[in-house]
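Below are two complexes that have chain A in common, paired first with chain B and then with chain C.
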Partner chain A sequence: MNRASVVLLVVLCGLLGVSLLVGAAGLGVPDWLILWQIRLPRTLLAALVGAGLGLSGAVLQGALRNPLADPGLLGIGGCAALGAVIAFYWGVAAAFAGALPGAAMLGAALGCGMLMAFSGRALSGPSLILAGVALSAMASAFIALALSLAPNPFALAEITFWLMGGLEDRTLAHLALAGPPILLGCALLLRLGRRLDALSLGEATAATLGLPVGRTLMLASVGVTLAVGAGAAVAGGIGFVGLVVPHLLRPVAGQRPGALLAPSMAGGATLLLLADLLARLAPLVLPLGSEPRLGVLTALLGAPFLVRIARQVAP
Partner chain B sequence: MIELRRFSASLGGVAVLHDVSFRAVPGEFVAVCGPNGAGKTTFLRALAGIVPGAKRPDPRRVAYVEQGARCAWSLSIAEVAALGRIPHGDENPAAVARALARCGVAALAGRQVDQVSGGQARRAMLARAFATEPAALLLDEPVADLDPAACHEILRVLQGFAQGGGLVMAVLHAVELACAYATRMVVVHEGRIVADDAPVAALPHAAKCFGLELGEDRALRLLPPRQEGIF
Partner chain C sequence: MAAAALISCPLPAGAAGVVSLNLCTDQLLVLLAPERVQALEFLARDPTLSFVAAQARHLPWVRADAEAVLQLRPDLVLAGHYGAQTTVALLRARGVRVVQIDEPQDFAGIEAQVMQVSRLLGVEARGQALVDRMQATLRALPRRRRGRAVFWEAGGWTAGPGSLADAALRAAGWTDAGTGSRIGVEALLRDKPDLMVTETAPAFPSMATDLAWHPALRGLPRKTVAPALLTCGGPYSVQVAEMLAQ
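Showing the complex of A and B:
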């Protein structure tokens, strides 16, 4: 573990602590009920969802040898959103507590199945990317269809709001629902490090090193589905974390895909905790009626970093 | 050791290899020669087991370096060489250091592989194959972008590997180098092995495939097309 990883972990732990002390009820140690029922689930969910997104981004960039890859590329997040939108549309979302995240997770799982079916028998990077783009285009089209046919303006507002992502009012039930799949997905993805290193030489050479290329891409897709699908199910659409975190960490953690996995996981958790903290602080210091949406903040935080990296890329 | 039995392959519906049989044993340095598009690369890929239908050899015993091999990320040369340990599932820094030294890039170990010259990057890829400590090396144009001195240096390294009991199969375009270092020359033409012999004996066949004349001293001369009045 190098110095950058230590610094990252210290910052992450600090943010976890601060996150428990900041909220609508003001700054400082809150009431036990607020701490346990509101701040803790929200803090842990932000860290878990961010960890899943950061790790998934690092795995996909490594597996596809493409610095533009992020979890959104495979369309898994889109399918989770579609599942949620369908639940909103038919009114299932209000039926019981776990209905909305459950529908989103189901959407992600079906999306993963379709991804495998679309990309054909011989799974390779290009086939996976094309299948993912097709899947996310289909998911976006159906979401747009649902929005345009929304039964009433309230449903429309509700769906749009959810699509922008957020962690307000999440409970321990949400944590119990999304936590295990995210952790399982992360455990699966963390084991792919050496295989991703081999893939940096190209799929043909990786195969001569004894790597089952198709199986590795399938495991990566399943891991991403678990880590990101479950995250999207409880936090809505949160973009940019998976794309930007590995880029932020390459200068300090190195370029080797396998060496980037654990730091990206910590980096994703840190970035999303920070964004969520800002979302909670904003109404306390700015004249805002409500919290800004989390997906909006991650993009606002991440984009300047990416611009800086873009300017540093050698011609 | 390395073997193909009546193997045929096609790419995109076009037959590239027709019923090829081949066998090589340890200690041989086999030069694979032939014109562009003859099927040399597919032949080597078939031996490496990455053509559909080909048997995949033990990755710990056979290392393959593709034509124009490159790394997707900006790894250091030492990190690239260390990838050669993946088939063994260990790190073995000693084997990696030996491979780096053998390929003459030990001094560049800390440099990023995309920030060195093409020839140095090629040596790094070769070091990756040596780090596996394989019994056989399958190399697709290993000296394509090396300067003349470096060509000889790398071919001497490969010759030493073969003399030490290893097997080298290398696609070489410079037939005079093949004659100087290889123990055997396989001439591939239109998807078939048209000659498989000692380099000197296979040379006339190679010349015929290229449509070039063989010089009187039996060296294959790369003469320019006949034109009057240039010199």
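Showing the complex of A and C:
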């Protein structure tokens, strides 16, 4: 536990409290029903989904030694949302509990697999990002296709949720579905710190130090699949958190990938909770008909960041 | 059963084929002159959207596609003012008679439209019978003031002033607390209406309709309405007012 993590945890705890006081019913302590059934699941889901995305971004950037690696940009989030869409709109999710996050995690796992297959051996080069762009585009296209073929007149309107994410009106049931796999995934990813530090020396050097490189990448994939997949099942596709958070934290937490994991997890939770608070505050202070989409806010924050990072890594 | 009885009615003089390209005109056409149907839009067969789905399943359908419609050589094409507008323009350019009808948002508007279309099809007596039955249903509604009600449609949209759902609420004596904007579960709980009206849960899964079954809403008094009764205003829409007045 380093200083950055402690500061972030304190901020996060404060935000968790504040988050329970903000909602469509107004600022302040709401009645018990609203607090327990609406604001609590939303608050905890924002923190959990954000934690999974932030930590996954840090692990992917370390494991692939690529500063642009992010579960959203690499298409893993999109594949997870695609899995959730198929399960939800084709009736599988209603068949048994756990089918929705299960299908999303299956999508994320397939996404990880395809990413490895597309980019071949050059996991750290620009080919990885290009493969991710291709995978993202494919996932978005299949989401739109699956929704337009679904036997449902509202499906087209729901494309925005799956592509841009959101946490409006989520329930305790969503929290129960997504919470455990996200926490399990995070626990797995947090243990990879020392292996990622070794990997930062290069795959060949790491292998001579006795690091099982393939196994490390596999463990990272499983952890990302659990954390990102379960998150996408209940919050849709939320981009850029995994890209932005590790970059924001490197100046304070240091360059060592292992030292970045815990702060990135706390930072992801803080960032997404903050974005969700903004989404809830916006209709209270601005003449908006409804909340802005959570994924819209993270993209507005993340896209300029991506440009900056891309300029730094450009040869 | 009703469809079979209607189809066996003697054909009016000068019967001609009619194609309908819109869910709302589909339903009027099937109610007024099923023997004239050359083709309906396929949504007419969907029981969650269409009041006449059972009859429509025995009638031919066509995609709203100019080429497909021209092949049928219809004497009249019925369409709405939204959707299929390029198809309508193409059909008109080829000399097909197209009549576009509005979406009425109150009961007087529905009555006027039923009469307009029944005259167009030469079945005025059938139209008058439908209108008479509507008016009798509306007259029979108990006159009493009830509380505030919110009509909460799929996706969290409230029916507001000027909508058919608003007309149904008011006819049943409720004060419509909706504004026509989208509200979430928390805003609905803050408003605490005396009645929440939602659509009956459909057979297909959808986030838009799942919203109405959010666990925090369990305590609110609720009535449910089959969406087919309100998707298109028609003679059957008075059933909503009747149900809300019970």
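Quick notes
The rule we apply is simple: the second predicted complex is superposed on the first by the 230 of 315 C-alpha atoms of A that agree within 3 Å, B and C clash if a C-alpha of one lies under 4 Å from a C-alpha of the other, contacts with A are read in each partner's own complex, and residues count from 1 in each chain.
Note that a residue touches a chain if its C-beta (ideal position, glycine included) is under 8 Å from a C-beta of that chain, and two chains touch if they have at least 3 such contacts.
The structure presented is a predicted model; accordingly, all values stated were derived computationally and were not measured.
Shared-chain residue A:Ala204: touches chain B; no touch with chain C. In the superposed model, C is the one of chain B and chain C that contacts more residues of chain A.
Once the two complexes are overlaid on the shared chain, A:Glu158 sits against chain C while remaining clear of chain B. Contacts of A:Phe305 after superposition on the shared chain: neither chain B nor chain C is touched. By the touch criterion defined above, A:Phe142 lies against neither chain B nor chain C after alignment on the C-alpha atoms of chain A. By the touch criterion stated above, A:Arg256 is placed in contact with chain B alone, chain C being left untouched. In the superposed pair of complexes, A:Phe118 makes contact with neither chain B nor chain C. In the superposition on chain A, contact is made by A:Arg194 with chain B only, not with chain C. Annotation: chain A has no residue touching chain B in one complex and chain C in the other. On the chain A side of its complex with chain B, the touching residues are 62, 65, 194, 197-202, 204-205, 207-211, 254-257.
Residues 48-49, 154-156, 181-187, 189-190, 202, 204-209, 211, 214-216, 219 of chain C are the ones touching chain A in the complex. Residue ranges on chain A touching chain C, taken from their complex, read 23-26, 30, 33-34, 37-39, 88-89, 91, 93-94, 150-155, 157-158, 161, 168-169, 171-173, 289-291.
Taken in their complex, chain B has these residues touching chain A: 45, 48-50, 56, 59-60, 62-66, 69-75, 79, 83-84, 86-87, 89, 112, 128.
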